[in-house]
Amino acid sequence: MSAAGVLLTGFLLLGQTADPAAPASGDAALAVAAQEAAAEASMAQGESVDIAGAARALARERGTNADQGGIWIEALWNQVIDPYLPFTVPEWLLVAVTLLLVCALVFGFINVYALFAVWLERKVSAHIQCRLGPMEVGPHGLLQSIADGIKLTAKEDIIPRLADRPLFILAPILVFTGVLMRFVPLPFGQNLTASDLDLGLFFVAAVGSVEVIGVIMAGWASNNKWSLFGTIRTATQMVSYEIPIGIAFVAVIVSAGSMSLQEIVAAQRGWFFHWYVLENPFLTVLSIVYLIASLAECKRAPFDLPEAESELVCGFHTEYSGMRFGLFFLSEYAAMYLVSAVAVVLFFGGWWTGLPFLDDLGMSPTSSPIASLLGFLLKASVFVSKAVFLVFVQVWVRWTLPRVRLDQMMHLCWKVLLPVSLVCLVGSTLWHLACGGSGLYGLPALLGF
Amino acid sequence: MTPGLFQGLQVVLSTLGAEGVPAANAAATVLESSIGLHHYLVVSALVFGIGIMVIIIRRNAIVLLMGLELILNSAGLNFVAFGKYVAADRIDGQMVTLFLIVIAAAEASLALAIILNIFNSLNTIEVDEAKSLKG
Amino acid sequence: MSFSDSIFWVFATTAVVPAFLILFTRSIVRMAFLLLGSLAGFAGLYLQLNAAFLGFTQVMVYIGGILILFLFGVMLTQRSDIPVREKVGPALAVPGFFAGLLLMAALLFIALQNPWKTHPPVPVTEPDTPVIGIKLLSTYILPFEAVSILLLAAMVGATYIARVQAPGAPDGQAELSDSNAEGRLE
Amino acid sequence: MPDIKTEEMLLNMGPQHPSTHGVFRVVIRTDGEMVLESESHIGYLHRCFEKVAENNTYIQVVPYTDRMDYLCAMANNLGYAQTVEKLMKLEVPERAQYIRVIVTELNRIASHLLAFGTYGMDIGAITPFLYAFRDREMILKIFEKLCGQRLNYSYVRVGGVTFDITEEILADIQRFCDYFEPDTIKEYNELLSYNGIFISRTAKVGVLPADLALSYGVTGPSLRGSGVKRDLRKDEPYSIYDRFEFDIPVGTGEMGALGDCWDRYMVRVLEMTESVKIIRQALADIPAGDFCDKKAFRGVKPPKGEVYHKIEGARGEVGFYIVSDGTTKPYRVKARGPSFCNISVLDALTSRGDCMVADMVAIIGSLDIVMGEVDR
């Protein structure tokens, strides 16, 4: 079933990549040219690792749209594997396999991360609650999530008799796809991304609605009044909180001058005060707005109204069991990582450590392959650690705070977050015009730092 | 290189008369792309016709709106396709569709509000039932 | 046919087939989800036409906004017995079908027979988004502002229309005077 | 508030629902998220206590009283035992009186802890629940040491208590009191009571005016939350409660409205402090001596007559009405369960049209019912 989600995502990704702005992700001649140029570029820059970056740079040079899915895999293929194959592979197969590979990688990451996140959540909650949490399976219960996963897959798959069968089956897949698709433009490190879309942030914001539709579908198809309640709450909540999130996006887009997640991070290079959270006071406020709204966006406490177990039994997934429930579960954890990673990209400097001497590791044209590799790994791990830390914060909040009521949730969104974020958008834009991107509210620039 | 399945689809389309489409040929010389303006126009025409059918056949106001959205979408597709293949600046077609989407959103919200009102007073949203002018 | 062309067929099918199925579905909720498929297909076709911004806007506005609005409308206007059925006017089914078919045929005829003055698509050299943004605020500033006002008016109007009348106001008359009173207060 | 008319919906909350605190069913008529009307349905746990009591000897009835309010079984035991003692005009040894007060107050704390924890859970905060259970566990451990039971003690009997309390247990209780008050309660207040979201969820919600509460026969913390200072321990002192210094916390409307959920909740938290105060005094004064009336333990045969006696349990006034025909078995036993009266006000609280589905949960939780006692 999750395979179906992967396929669907792959399919939609195809649409994006096959967007033949570069008229031929398929054109053999161009592929060869790209390969040559990538080799050239990487030689010229002395970079052995950053194939993707080279390919992208090349693509920019040639005036083509660089944002093709899995371009780094493509480059890898073109440089390392293809020349040594005794036969030619049809390019459509190549593209399809590349895209599926990208999807599978993202999917694999989500799975591995979700296993860890579930364990983290249980451990953190346990320690918050003065208990130990899972201790039996594996050291400190590390393998507990795997055991749980096996349990989920082995459970009986129940579809209520009066449920709308096709929609009931489709809903979890759609929800999961909605989350999975948003991973497409998400970086995992410098140039380590499935597809660096030009419209990355816009894509993230737009595709989020697919998840809402999936949730509505689940709640409606279950034919259960509690599910319906959960559905209506979800729809209200997610649609409302998309707005402050969107405004936060816009403010950062204005500062970075790009919607590409890679470029937004690239714009925050330098000392940690160049991170957008410290760029100007308005962005600081917006980052808080975003963090609150993102909690609501992925239905985490204190905004877990859609699945408020004391009120709605289990909300929109009351009737789900087995692996279908597992998919909802997985998408919830994936969404947690997703919003955290987007927060890291937007406000917390992406993969930059905030210390230029560390950031520069492997970045200069003269650095050795080892140094570039180290730099690459460092950035990837910095990025993922920052995101996981924000996931930890979400867990922390969840196990500390009570749940708000529906009207309070709406009040917070429309009467607090929305005006605040609008003011901050205007303020941040004006600040950006006045001071530019000097960071730390412009103080270092004033002090001549 | 063309897989059989797609070849089959092409045959189907060629029976519809899309064969020998100048645009497709012209594009093919540059991009080896067999997809041209006509393909989009066909899709658009099909969806437009379906939209009309939905509007005529169905009596539920919300379903009528759905038919309307189909028609608007097919029109939007035409604009973008013409923008790409005919117009001097391909952005212009996109701009029109962009406005179209926005207006569709406004229209949908207003129509739904009216439907809600009809439902409140008549307790039905079958358009045939809403005959009276008052209340 | 290159790979990217085959994608066109996928999206074209996604756009047309669910739309066609709407005609034969009886549950309104299922219709809405079929519409989702169709709209997603259109978004894909926009991507195919190098209009990525438009494609994502389509997803955001249509799927994230209008479709959810529809679903809310269905939920608000139906009894709670699920699934929701809709009755087809049998008298109109056959003529309606043929009328649609006729229109479709006419459009297809025009589309396929008219010698369009096409030119080969211009290779995309830079992202569309900045161009769209600049055009919105220069060439298209008037429609842009008009649409903004339209949206605002639609929002206010929709909120006003969808309001429940006060219990003491059985018909529109009382509500009218009510709104007048509000107007005076302002 | 509802600007858009929606279809009304009948919703069945329970009997299996996570926040009905037992097998309790409320049918609610909702308009969107607003509850228009609610109707309680009880009886899923009916066990014929009163009929069973007629066929058992006076001593055999005691375990059945445990199962009424199983969260505060000591108070039930005490209420029943004192009623029979009143019928027999039996004087209980001094030490037994002190032990009874100590265990009843300890059990009151345990019960309020559970109410505190589950209330947090109803509102969506899960952590306070485990904090409360951590501390409740200490009390249960003490009870286990005392009588071998953790929930259904049957410890207080006609004529005294089953086992004497040892010095070790007294020391345990002292240690618990020192641990619990004031530090732990302060922690609870920081964690939940004064949490902004918690206050916004409970303040001005489910406001129970004093006259309404009195007319429905609401007692205990739920009544005191409405500002009525009625507590049988002070008003009609039974046992030896007149010897202790303690306050009766009442709702003050501190968070907006007198008698809202927050007031009812806060009364329980404050009462825990008062209970600790009583236990400390009792521990200081507990005399040596017999812990029971041996004769009463061998067999109870009250004279002909009838009697009603009520005490203050954790949830309100626990009353027993016993008619004796002079045999070893009661002719009729009628129990007044406070939860039964408290829950009867629920429909009045939630049918005013200002209650949302989420408030429903908050109100049920704030009344702190035990279905075993409602249905008996």
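By letter and in written order, the chains are A, B, C and D; residue numbering begins at 1 in each of them.
The working rule: contacts are C-beta pairs under 8 Å (C-beta built on N, C-alpha and C of every residue); 3 or more make two chains touch, one makes a residue touch a chain.
Only a predicted model underlies this, so the values are computations on that prediction, with no experimental measurement involved.
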One chain's C-alpha mean falls closest to the whole-protein C-alpha mean, and that chain is A
Greatest centre-to-centre gap (Cα means) from subunit C is with chain D
Subunit B and subunit C have mean C-alpha positions lying a whole-number Å distance apart equal to 9
Note: subunit B sits from subunit A at a C-alpha centroid distance in Å of 32
Distance in whole angstrom between the CA centres of subunit C and subunit D is 59
Expressed in whole Å, how far the mean CA point of subunit A lies from that of subunit D is 50
Where subunit C touches two or more other chains simultaneously, the residues are 2, 4, 6, 48, 50, 53, 57, 65, 72, 76, 80, 121, 162, 164
In subunit A, the residues touching two or more other chains are 20, 23-24, 27, 91-92, 225, 232
Multi-chain contacts in subunit D, i.e. residues touching at least two other chains, fall at 4-5, 9
Residue set of subunit D touching subunit A in the complex reads 9, 11-12, 17-19, 32-33, 120-127, 130-131, 134, 192, 195, 197-198, 200-201, 356-361
Within the complex, subunit B is touched by subunit C residues 1-2, 4-6, 8-9, 12, 15-16, 19-20, 22-23, 28, 31-32, 35, 38-39, 42, 45-46, 48-51, 53-54, 57-58, 61-62, 65-66, 69-70, 72-74, 76-77, 86-89, 92-93, 95-97, 99-101, 103-105, 107-108, 111-113, 115-122, 128, 131-132, 135-136, 139-140, 143, 147, 150-151, 153-155, 157-162, 164-165, 170-172
Contacts from subunit A onto subunit C in the complex sit at residues 11-12, 14-16, 18-27, 63-65, 91-92, 95-96, 162, 164, 166-167, 170, 197-199, 202-203, 205-210, 212-213, 216-217, 220, 223, 225, 228, 232, 235, 239, 242, 259
Touching subunit A in the complex, subunit C uses residues 2-4, 6-7, 10-11, 27, 29-30, 33, 36, 40, 43-44, 47-48, 50, 52-53, 55-57, 59-60, 63-65, 67-68, 71-72, 75, 80, 82-83, 121, 123-127, 129
Listed in rising order, the residues of subunit A that touch subunit D in the complex are 125, 128-131, 225-226, 229, 232-233, 301-302, 304-305, 308-313, 399-408
